[in-house]
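I have a structure here, written as structure tokens, and I will follow up with some questions on it.
Lettered A, B and C in written order, each chain numbered from 1.
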């Protein structure tokens, strides 16, 4: 292994958070281009499926992680449960924050149709979301964290799938809209009747 | 995405409808069942019974149900309000109301799908473990001397200013709070004046009045009845209400009377 | 790499402390003899002088560590005072500690209108604030550190800017502390109002 590769490997090993190319370059006293080449060589060395450790690019940086195939043994050794799964309320709240950030609690509640304070607090406590300023009414706004990106294996927020893919087809949407409009017109018709006093 | 018993499959047995919830929704949207005649409280009760019989709360289904029932409640409350051009309660046209409802349903649906996508992602990622061992202390220690000024003190002052800010006063129009613009006393005087003619139609007493005035006038009428000054009759539901001065001993201030 | 070698590598990578052969064998569901052989193969792979990470046998068992030759770079990465931009939550929390010190977490939460534990912990971890005794109710009190002064370019706390120039309601009477708490409570009450569509 070249000296730079050894240094980069050691830096990735020591840092608990993903490290960016500029950070690696500054610490290793190397050019960013050299670091990128070094990472490419390490990546070959740590390609998935070969070793117990893999090199991953998440949350805007590079980090070493264990291969999922070793997870059962790791659980036995560390007696530490895996990341607990999200409850549906937490998953929906997280999805809203991820796509609409920054977003406030009242806005989340409006979309979900129920107050979501406990889900928001849990996500905050778990470090998946954080505060990002305040709305004009003084409500705290939330955004996702780097830990969110890391736990969900995303390099950046742009890696999130396009939510448009889950929308109904224009035909379905049109049909739904027509029905709602007819219901609304029915209402207008009814309303002509004087109120019961 | 797991697909347990959906809210849509909730079996209902109501006065005007028996069948699954989604069929009720469809019929309402197709105007085959009049939403005004559906007792939504019964739908909620049926849902609670359903939950009890299942013995568990499925949050996915509960959320779907809440969104649907909230949409129905909103639609129904709009239906029940009298239509009044200058009434701020009804600032949405039927088309706009439908658009708003549609937007909410699509929003909710979009983020529920996104949520299951995230759940699946987290599950797929949970096999990767990251190292959490702290680096050896001797590699971590930064000396105070090496520290340079990197932050602006003004940042703290700005934060203080933000923290000292009170929220803007609540915009009352926004909150749909209607302040009484009329007093019962004023409406009592109005009714007594009309009563001098002997009788009048209630519609006449509240012609061109806003809803608050109508309510206050009704309250004033009840007060007149209590005081023994007026009686009324209505021949059929929703029909005209005729208010008449009550025959009283001489000396009452109600003036002439005519049965 | 064999499956067992991958597992042992992953276990060594994840563990904070040296791991013994029996511990490795139990977690990997392998015989101790197999684990010893596996360690021997890994040791070749991680021999000193080849990579950035080395496999060491120490008193308590086996452990992965960085090669001493990479230490200068590691120190450059890890030892610099961590000074990423402050998040809004951190800036608000730090301002409260700086101007009101000593101050407790519950008081910070009351002023900000939201729990601020994660911001407080981060500021503490970065050495910007430290504990300074306890309030009469037993809550830990915080004050700013010398590193705080250094990072903000202040000689003493008296050099903190006068918040008056950013005060939105300078006409209001009262101690800074009382006014902050009143404003915080007003915001907390207001934030629950749903946003309008």
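We adopt the following convention: contacts are C-beta pairs under 8 Å (C-beta built on N, C-alpha and C of every residue); 3 or more make two chains touch, one makes a residue touch a chain.
Because the structure is predicted, anything quoted here is derived from the model rather than measured.
Visitor: Based on mean C-alpha positions, which chain is nearest the centroid of every protein C-alpha shown?
Guide: Chain A is the most central one.
Visitor: Of all the other chains, whose mean CA position lies farthest from chain C?
Guide: With centres defined by C-alpha atoms, farthest from chain C sits B.
Visitor: For chain B and chain C, what's the span in angstrom between their mean Cα positions?
Guide: 44
Visitor: Between chain A and chain C, what distance separates the C-alpha centroids? Give it in angstrom.
Guide: About 21 Å, centre to centre.
Visitor: Nearest whole angstrom, what separates the Cα centre of chain A from the Cα centre of chain B?
Guide: The computed centroid separation for chain A versus chain B comes out at 33 Å.
Visitor: Two or more other chains in contact with one residue: find those residues in chain B.
Guide: Within chain B, the residues that touch at least two other chains are 129, 131-135, 139, 162, 165, 167.
Visitor: If a residue has to touch 2 or more other chains to count, which residues of chain C qualify?
Guide: Expected reply: 10, 13-15, 74, 78, 88, 186-187, 190-191, 193, 197.
Visitor: Taking the complex as given, what residues does chain A use to touch chain C?
Guide: Listed in rising order, the residues are 1, 3, 5-11, 13-15, 19, 23-24, 26-29, 50-53, 64, 66-67, 69-70, 73-74, 76-78, 104-107, 109-110, 121, 124-125, 127, 130-135, 137-140.
Visitor: Over in the complex, which chain B residues touch chain A? Could you list them?
Guide: These residues of chain B touch chain A: 28-31, 35-36, 59-60, 63, 66-67, 70, 75, 78-79, 81-83, 93-95, 97-99, 101-102, 104-119, 121-135, 139, 162, 165, 167-168, 202-203, 214, 218, 237-238, 241.
Visitor: Which of the residues in chain A come into contact with chain B in the complex?
Guide: It comes out as residues 13-16, 54, 56, 63-69, 71, 74, 82-83, 85-89, 91-92, 94-96, 98-99, 111-114, 134, 136-138, 150-153, 161, 163, 166-168, 173, 176-177, 179-188, 190-197.
Visitor: Hey, which residues of chain B end up touching chain C in the complex?
Guide: Touch residues, chain B against chain C: 100, 129, 131-135, 139-142, 144, 146-167, 170, 174-175.
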